[in-house]
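Beneath this line is the structure, given in structure tokens, with notes to follow.
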Amino acid sequence: MNSQTRQLSNHAPQNSQLVEQEEKRTDLGFGTKLTDSKIRLVNQDGSFNLVRQHGSLWDRLNVYNRLITMSWVQFFSWLLVAYLFTNTLFAGVYMLTDPSTLVGIADEKLNGPFWKCFFFSSQTLTTVGYGHISPNSFLTSSIAAFESMIGLLAFALATGLLYGRFSRPLARIRFSKRSVFAPYLDVNAWMFRIINTRPNQLINLEITATLTRLEPKGDGTLTRKYYPLNFERSKVSFFPANWTLVHPITEKSPLYGSTPEELEQADSEILISFQALDDTFVQSVHTRFSYRYDEILWGHKFRPMFDGDQQTRLDLDKLDETEEAELN
Amino acid sequence: MNSQTRQLSNHAPQNSQLVEQEEKRTDLGFGTKLTDSKIRLVNQDGSFNLVRQHGSLWDRLNVYNRLITMSWVQFFSWLLVAYLFTNTLFAGVYMLTDPSTLVGIADEKLNGPFWKCFFFSSQTLTTVGYGHISPNSFLTSSIAAFESMIGLLAFALATGLLYGRFSRPLARIRFSKRSVFAPYLDVNAWMFRIINTRPNQLINLEITATLTRLEPKGDGTLTRKYYPLNFERSKVSFFPANWTLVHPITEKSPLYGSTPEELEQADSEILISFQALDDTFVQSVHTRFSYRYDEILWGHKFRPMFDGDQQTRLDLDKLDETEEAELN
Amino acid sequence: MNSQTRQLSNHAPQNSQLVEQEEKRTDLGFGTKLTDSKIRLVNQDGSFNLVRQHGSLWDRLNVYNRLITMSWVQFFSWLLVAYLFTNTLFAGVYMLTDPSTLVGIADEKLNGPFWKCFFFSSQTLTTVGYGHISPNSFLTSSIAAFESMIGLLAFALATGLLYGRFSRPLARIRFSKRSVFAPYLDVNAWMFRIINTRPNQLINLEITATLTRLEPKGDGTLTRKYYPLNFERSKVSFFPANWTLVHPITEKSPLYGSTPEELEQADSEILISFQALDDTFVQSVHTRFSYRYDEILWGHKFRPMFDGDQQTRLDLDKLDETEEAELN
Amino acid sequence: MNSQTRQLSNHAPQNSQLVEQEEKRTDLGFGTKLTDSKIRLVNQDGSFNLVRQHGSLWDRLNVYNRLITMSWVQFFSWLLVAYLFTNTLFAGVYMLTDPSTLVGIADEKLNGPFWKCFFFSSQTLTTVGYGHISPNSFLTSSIAAFESMIGLLAFALATGLLYGRFSRPLARIRFSKRSVFAPYLDVNAWMFRIINTRPNQLINLEITATLTRLEPKGDGTLTRKYYPLNFERSKVSFFPANWTLVHPITEKSPLYGSTPEELEQADSEILISFQALDDTFVQSVHTRFSYRYDEILWGHKFRPMFDGDQQTRLDLDKLDETEEAELN
């Protein structure tokens, strides 16, 4: 380390316009370098397109999160597999010690000694303990004492996982498959709409949207830029029916004057962040979504979701229905 | 898609007064189109008058939320029904295989083989496993091994549900049945009051109210409008006794100069949103309420809730008591 | 209802100075009418002095909150009582049906049929089910099937309660028994100090204090007034050791120029509200406290809590230690 | 107490410049007196260097927090120890009463009466209750009835602890081992970077940093001062990859013009506070970290963490990689 690097900032300017510019730049956390047009930033299920290497095995397995977020069918299948595996394992251990010390029932009744050990294991693991098979030696008694403890802990774990799955705050918000550029009052607007697919109430909803597109820097290389899109109304207290989000295209909008070709060329994507409060458990719920340039319909508008004249019958199947409408 | 719709906003005005007006409009999320005077927006239990169609079966059943929010009597009845149903089901399965392989007790002692199977099932499901009935074949042992796993998971589920029911943040706020227009200082005020029916403490309370009424648009059709109502005090730190909310009717109030007839004609409703922090678990609690025009008493005031002269004896039964009072 | 009361606000002034004054008044939720000098507003354990009448029995019992907040000794005693009571109840039911249908062990071994029924009940309720006593009739089998379900639900309940007790966010903040008026820089200050008695970390701490005192109104009757007291520092990020809260007595302070006699005459009380984030579970914790006029030492200052010269040995027992100090 | 101390503030100045200065001082809660250069304020695991004396035994043991925060190996070891200990204890009690009243199996099969008692205890505690050993007297039946209740409560406790361990919001943020002074745009900057080692998403991230250093007071004694360090960007919405925090060294920075020698002499330490929202359970996560003067590399910059040209392959092992870079 020479003296030049040790004395910090002596030759540096006192103020820097570049730093000020950089501080004003909007960034959601993706940075400016993701310029590969084949990759969308946010998938429609809210995940990111990123491969992570060399994390610890445990972190990569991420067992708890997977068990919480997998489907119910997968979850119960894994529980069943774990139950059968553990019983097979302990049955093997009893076989290795001495199956004849598990007494009380003739082996042939249960298709031989292995299955006797297996069923004894299952009766121990679940603590059902009928006692028609029972351990008759010090060694098998010890193993059974250990197994019954393991069994209780395993079901304690299952209890926690089941509760975690149930109580997890989960907004079942459905976004319309496409967003539209539609006429709106005396201008045009970019719109999409959402519904809550579950009957429980969401309150204090808030949505933000950010347009991201590639722009050439001075040297011709592409850099990714981010622009917030303001909605006519980005917060509501209640969410009884559907909610159409409206970004009016006025001079202030970064979308002002754009064409479909421009949006495609710039690999445009609109990132959406949703949050609300679930009323049942008063928990925050968060959701991400995104519309790419090819998920925007030009000169279309949404059809009403209410059933005919009735203002209080909401038809959830009509979420994605649009019709052509001439832009202003 | 013709070239006109593809070029966005070129002929649109650069700024729009209509957009600006729309952006300033208050809206809680109900929109402007609910103009049917037979329907109130918020019921007094906080629910909305909306029928939802075509959701997925699972979302419509909404099992978890129902099990959490139903009454305790209903909840335990459902548990008992599920228990009896599961035992009957497994008893049927044991009957189909071979009830004679469940050995240890004479069938006639328990009113025949079906009930032997039923009680064996219950002893397996709850893992009580006395062993005076025990499975004596490979098939019944397998079924019993599966049933005991199901049993443990089911009671794990019940544990989670019970905890969910208990730990759910629930404000037992009672609103006075009617609100009043009462004299207040040298003006009048719209008032209602609330109590906490439970002895646990609520802190950091906050209440907002919104007047909604139908107003004719330029073309004579009705549109729903929303106006915030300011309280003299809308936040308090502690809630030891009752709390009377006071909206003074001064020139700034949207209620200034109104008559009962006007409120009725405009299908007026005042929507109330309450939030606080439960002190025991430091959880947020939220409640909705509403007063319609016909739930407002004109020229009445609330009677004190304290018992005689004693400033520290609060009589919860006096919440709704009012008396006539001449308006200013 | 006459026409006079129906036309609202017509004769009322358009603006009201009284309303504006009232809106500016500070109030924590206690109101202005608690003027009984025998009653303090907030007890030092954070509770309020208020008797509530006529609530529903269930709300008054408030079983869940009591089970969560009672001491561990009380909690386990109640569990034991409930266990013995339930077993006695079911033993009675088995006695009423026919104890001779519980077979497998001679009555005299267990001090007669009642105790045989009692122990059978306990083995059923806990699902231990040894089987050396077993139900040998339809009726006792049915009761046992029901009891084992009850047993599992009861222990599910106990699991939930135990977890609720453990996971409840609880700040074990200890406030110094007395607060002091001490010299501070070139003025005086009102001070108190707090420690966290548990080794787990609290972060993002925030404290507010409000002076409340009785003041005569124009007509000579007493009314309760509230004044916020500003601390030199009311928020800190970390709380590694003790924290001394300092309210400097400058001209801006509502305590400026007061004497002990004045504070006593005005029934003065300083209400304190504390909140922080527990680092282990990232839960909010809240605490209330109060110092009355007779819990303030005049001309005293706190002694350091560190052990001799060592800046990193905090002696929790020194929290309340003060010494005389001449005021500026 | 003389009359001088009773009359508060009479001779004190009405306004105090010292008080105003003190109010403007930044303090995280460590105070000004920690001037021992051997002690860092925050360890890199987020803990503080403070010994606490004389707390209550229960508070010092802090059983719940320890059981929640210890490693899984330690946790399961403690459970096993507790299980063996409890069984040994109850085995002792059964030995003291009369082991011959536990009937059903010959003592010699299980290595003598003690082990018979031990295994009977384990079958009772876990409620497995085979029944091949069963209590044949009033006294042993009573003890067994008590033990099975204890067993269920103990496993209820274990259930709660397991769930608490799993559901605890825990940010597995890894900070780069060293921070750097690197060239940045046309100035220099102090930088460090972080990754999320787990695949679950963090959203709404926020980081603050505070420089603390010793400075001489007027009388030559050292006092600890705190200065906030502003990042070019201290909040992001998403955290898909790594995040490099950049504090530009312009005139406004408290680090402007410093040298390594100065930082060392002043015992400088930069304290970092991180918070975010875990997306799976929508829980807040908080982390503390700190870099001391000797954990800052001068004239180094971070190497990219992406794998070659691929913008979407993040190599977590490259977090700490830096290379020399000449400062501006």
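Order of writing sets the labels: A, B, C and D. Residues in every chain begin at 1.
Note that in this section contacts are C-beta pairs under 8 Å (C-beta built on N, C-alpha and C of every residue); 3 or more make two chains touch, one makes a residue touch a chain.
Note that the coordinates shown come from a computational prediction; the quantities given were computed from them, not determined experimentally.
Contacts with chain A and chain B are shared by C, D. In this assembly, D is the chain whose CA centroid lies farthest from the centroid of chain B. Among the pairs B-C and A-C, the greater number of C-beta contacts is found at B-C.
For the pair chain A and chain C, the distance between mean C-alpha positions equals 38 Å. The centroid of the Cα atoms in chain B and the matching centroid in chain C are 27 Å apart. The residues of chain D that reach two or more other chains are 123, 127-131, 159, 163, listed in rising order.
Looking at the complex, you find that chain D touches chain B at residues 127, 129-131, 159. Interface residues of chain A facing chain B in the complex, by the touch rule stated above, are 79-80, 83, 87, 105, 109-111, 115, 118-119, 122-123, 126-132, 155, 158-159, 162-163, 166-167, 172, 181, 184-188, 197-201, 203, 205, 232-233, 236-241, 243, 248-251, 255-260, 277, 279-282, 298-299, 307, 311-317, 326-328. Every residue of chain D that touches chain C in the complex is listed here, in rising order: 1, 4-16, 18-19, 22-23, 27-31, 33-36, 39, 42, 47-56, 59-60, 62, 64-65, 68-69, 104, 123-124, 127-131, 134-138, 141-142, 144-145, 148-149, 151-153, 156-157, 159-161, 163-164, 168-169, 273, 283-286, 288.
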